[in-house]
């Protein structure tokens, strides 16, 4: 339904006032034409669609990808199993799958602008970091990868400071003790999005240890997302990078 | 010590090469003149200094404030007790204290630019929100306060969406169930910094409940700081707002 | 603003279609006249207003009570301290305060209909039970109190089964091991709202033990509210009792 | 033993008073003929029998289903594996199995009365929601399914409010942040039974996060059941719906 | 009501059979004269009555003690504050109060039989140990106190083995690491009732550490009561000692 | 080494005093002939040997069983897998294995004396209960099994009270809410050893819920062992039963 | 009793062999003259005695200090309140009390050898660090204090590396995120004893966050003591320093 | 780059002062020639390299081992699966793999000096103990293995005290209740590194129970590493042993 059309019909007497009031109250919000909601969706759509794959029934997953593909939308699936990726690629041969990040992607990466630095403490954190990096690239951010710069060998990190400082936002991915985020934030005056990973054992308690470390960071400029949630970090880091790279565009 | 001066002395033969190498190795890093570290500190100093007051001995606290005041620096103390505020104001009569946010401030708020929206779920979250808001203002951000818009009465929040969407970053402060951050992020395409508060009782477990809620938010664009950490939220929100409001300036 | 009036103005040409569309988008929802929202608020108001007192500034608390009192509304405050009660009673001499339930009340209890049974495991659970019982009475339910019938002496409970079964809903309040709710639900085929209390020590962990007990109840017909949340139990138990006692009325 | 017969024997002198007193003390309670206990069981039996399948030995499980089937009772098994379902269907070919809800059912659904709304935050919550919905239908309630209305896109939920408000009770099923229950309860003045699900990852801690969210809900009229416990939610929601739909019948 | 009298009335025709059946169903259980329940209560009463003091209103506490005292019953109150003790002693001058164990006692300790060894890891565990020891003595057990024999100096414990082995049951009270119970059980072939205490700091988490230690004991013959629950340990240890000391008596 | 022989050698001058003092200091404790340690081991050996099977290498496990078997000792293995049982039975054809309790046994059960009642809340608790029951029988206690008497249908439990009261000790095995132990202890004046099981789901947290329930039991006479630790419960219950059944024998 | 004397009496026939054997078995271990135990105690005594003050009754505390003082022993009390210190100083005017570390000391610090570096993350960690430093000095270690070198400003730490590397052992004291220990261990090849402090708020959970951080340190050479346990860190660091500084002495 | 060369170039005028200052600022830290950092790496390299195997991609793992092998370095991999070991041994036939400790080793063990005692509570702790023992041997420490001396049979431990006391450091490995570390530390005046293991079940919570036990040890001289972290214990124990065995060498 179209609000303008309805109001014109009210003006013209085609629709009664009482009837119009009733229609307005019952409309699904998206049908009310709330510009900001739509605009908001438009913006998101501009970023491409994202599908969280785990638990989706095979036929549903394929159908979702097919629908977006047919509409010409770029679409990305996170945490896809090899099996799910196979099904999607059967339906859409141009789909790409990266077993490291577990991302299925239909459509090319846009030319990225701005810059997000994605850092990891160790090599075992790379799958989560790649989920973050590729998601940010999918949204349209340029990404600099700086891996294996954990605080147990602080000189490795110090050697990369220029590259990190050149970014608009930093994603710091670390398991075990998770100290990377706080140390980076102490050295770099840009927003640091911290991603604890479940990498570790024993008293890591599946990522609880680095989660608490990051939440208790003494340095200014750190905020934290869920354990292993590379995609979530990319979402907010891209928003920040986008604001910094193209503030007038919004 | 001055690196340039030292190198000039090496050039002129005033200082031996071996001696210079020794001095370079032993210098405290800040004295080595690492531009980025200094620049970094400078930038921060531009924001004014911040002192975490709890546990500071009275004489130390007063001395710190006095030193910054004498240098002409603006300085702010967080989580200051009434007693601590009294001591500082005795030493520096121009110091201002707000018992709600528990912030002591020496020096005026700068003219803020950009815009950060600070929202709360309930009225009991306001002290934490004011710590966030006043800290952001102290750093130089403009702040819009939108209080008591918790999700138990969702229409209160919906009525304020325009104001929230106008900001470069949102700080969502909520205790009890902590759902505010996720709902706002679903409605607003800007970075949302979520602050769980210890407001609540029983199975809130001193803020654990809203902390977990916020970390598990399904909406894109949410990152979380420590329980009751209004200052931490302000730090990163200000960085974001600063990037968006004046990206070329950096 | 009044939607009907606006639509009439559109009809009459007094307001342009485009202008009307703009106004509709910006209206606070409550001003859009969404009948159900309003009706919903009306219903609640019919139950009297409820104020959560902890953390409220004295002047705010008194102002809230005064406003409702001046409007002729019944109003109740939960978890009020003796000091808060004193302030309210200074402003509104007719206000009543019960130090056991910590409820301040302005206005009489309505004649209750239906029946809610409020049971406790021990005598130390009575303050929470009274918060539940008096809240339910304030909403308009009749309440039967059955205290100190914990499962360590199961015959005490069995002796009261008729009274419990006569209610439309049961509120089972228990600390320590919290087994009361499950045992009652096994004996009574009515909804049981379980309230764990922080009564206990050691491995009760401030009510975690009875909370988990109640959530894991094997009996059918149990649902749980927050630790010590007598008011929350009363809210849902009253809704149930109201549905059972006057289903056609809604 | 039959109490009436015993008393008649006492009357006739066939049994001595002292002997009768001894027999009365030793009787198992169910043999004493406590009407309410029996009546209670009768009522439940009217709802059909329910079997919790996990951990049951195959021969026991089949025997239980066969016994109820031979008695002409309707019977339902929850959390049945495909393998268990196969065994039951071998013995009772008319048994139906739904792999989504994991419910085995022998006997038809009764014509439902009243109305329960079963809502989910996401699509991954549907298996738990179906356990709830089909259990409630088995007990004799009419169910309205409203899936995928999570708070990250609040407009989806708002568009369904009329349908939700038309129910006597709401079951709100949500994982991750679990905010659905509180938001619904703020919009609907009916009892909301909240079911946290283990859907999520990282700091969801297998459903702990939505469990705490729901227990801390600020809205009135929410009570919570165990993580993933769709059946438990159906039990109490059916009791409520039954009270509302047929209050005089009890 | 008296069952014998009722049956005699049935016999004589004074009461109709149907009426008698009705009366029998409604009787409170204790009035039915279930010998075992009564016997059970008698036995307990033989041990003297016990009152858990915390949270009791002053007038209630005094009334309870006075009632038992007037009936000639011995009575003991646990966890009594100095203030509560003062009130009781005002009413009953013969009442004794031990500030270490926080026990108020009215009536003498019986001559104890059998033997219970009460051991502590450190001196800070003695208040809990005294609650256990004095409770057991009040019930009628003889108690041997063996304090400050923690495992950090194992020779202290080894030197006392004969005394510990002479008891029918051992109560092992320990905070901090709580290893005492397992070490004792490895050395003594008698039931060990372990009492974790909240003595300690930091990662003791108010007694969680010794609680877990004791539950995970590798030695045979250990069972655990709640943190700081000296009374609970005494209850079961006395039952064991009583069985061992006077098995034919029961 | 033999202390008596050494002392005789000292007497005869064969060994010097200083040398003897040195030898005494270095002796392993068991070689000092500490009668109680030995006696203690003897007593245990009288109960038969027990082997905790999980994690044992196949060759070690078989060797242990073979050694005991060759010495004519009765020996029992707990938590044995089917595969481990197969290996043992290959080596010792007379070994018996019960897949329900997961116990391997070599040697007959002794004629049991006394009586231990083993109760369960549900049928899913039976494997743990059987580990307890068969362990107690192996130690020499008579066991009465009373299964599926959970508190959700309290009349089932009440009907079995005589049988439970006839025992010297009760083992109460329950998962989910775990209320069985407290209810039994309220009805029976004998020591109750509570065994929480990991049966349940969601907020049972692998047995944490019934563990806390049992530790917080309000009834007197309950002590708790580790989750699923049927063997541990049997160890202490057998000690108690043994003390009660044959107190003079020790 | 004196073992040598006993053996001489055996030699001379003054004591019978059997009697001597019985005496040897019954002796308290310390009286058996086990050289290592005694030597061990001697060594400790060489370090001076240490008393844990909290919970000690005033008269006991004073008596303990007085006894050691009269024997000429150095003695130190940890976690002493100002009140406790006052009592001790009344009895022993030469006792010294430091309100920062809360240590009471009787007797001088020995001349320290070796070197322990005590580092803190922030200024609020200093009380715990001083407990560690002064305890180590009391035991006889030389201590270098390096405070406020937290990782949020890594250059402060880097500037102090030479001093840290010069020590035989490092004590790293940090609250909040607790990353100091891991960063130090990555830079220094000496044993690092990590002390988490309860400094922090919110998700620090009274020191749980830095405790987990330190346990999960990726760097080699870190071990952890209890939260706030400066004394415990000093004990093991002194042992290490003592081994390194005077290895032949032992 | 070489700092000395640069300074010589400054002296000779070959490089301008400003250019030299710029180069100094940009150098990666390791290239600045900080002797201690390098020395530190050298020292470690002297111990051989260590690779944490889990999660490493097969080609990466093999490449790392090959590179070290080709350089003539000794190298060790921890927590290697059988499959990983097979791949490495295919590439380097001289590599050795121990399935118990899960260590792959290339190069011989050096002749160990000093002495570390590795103790376990039970046989199931041996895999973790072997990781510790073999790691320490790889670093160059001599190791004494003392297994299965848990506190449930304290005499087994007491019999081995001489061997334990002869070591410079003790590694105490224990699961379940984890009391071994504290008991050993009470008997031995050497640093005890405690390793909790995940051996156990139920309320062990995957090693949380022994972790807390060890952190709360009352004995002096205990510090703790992560659950199952045998390698971490070896790292610090080797450092201590190295300091004690060869203090002048450093």
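Per-chain numbering from 1; labels A, B, C, D, E, F, G and H assigned in written order.
One rule holds for everything that comes next: a contact is a pair of C-beta atoms (placed from the backbone, for glycine too) under 8 Å apart; a residue touches a chain by one contact, two chains touch by 3 or more.
The UniProt protein names, listed by chain, are A, B, C, D, E, F, G, H = Nickel pincer cofactor biosynthesis protein LarB.
Since this is a predicted model, take the numbers as computed values, not measurements.
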item	value
Duplicate of the B-H contact set - from D-F, A-H or A-C, the pair where over half of the pairs recur	A-C
Centre-of-Cα separation between chain G and chain E, whole angstrom	39
Whole-Å gap separating chain A and chain G, where each centre is the average of the chain's CA atoms	50
Shared-contact residues (touching 2 or more other chains) in chain H	37, 158, 162, 187, 202-204, 208, 211, 215-217, 220, 226-227
Listing of all chain pairs that touch each other, if any do	A-B, A-C, A-D, A-G, A-H, B-C, B-D, B-G, B-H, C-D, C-E, C-F, D-E, D-F, E-F, E-G, E-H, F-G, F-H, G-H
Footprint of chain F on chain G - complex, ascending	3-4, 7-8, 10-11, 13, 17-18, 20-21, 24-25, 32-36
Chain D contact footprint on chain F (complex, rising order)	123-124, 155, 158-159, 162, 199, 201-204
Parts of chain H lying in touch with chain G, wherever the complex brings them together	36-37, 40, 43-44, 50, 161-162, 165, 168, 187-194, 211, 215-217, 220-227, 232-233, 235-236, 239-240, 243-245, 247
Residues of chain F defined as touching chain C within the complex	121-122, 150-154, 158, 176-179, 182-183, 185-187, 200, 202-205, 208-210, 212-220
Contacting residues of chain C [partner chain B, same complex]	26, 28-30, 34, 37, 52, 54-56, 60, 196, 198, 206-208, 211, 226-229
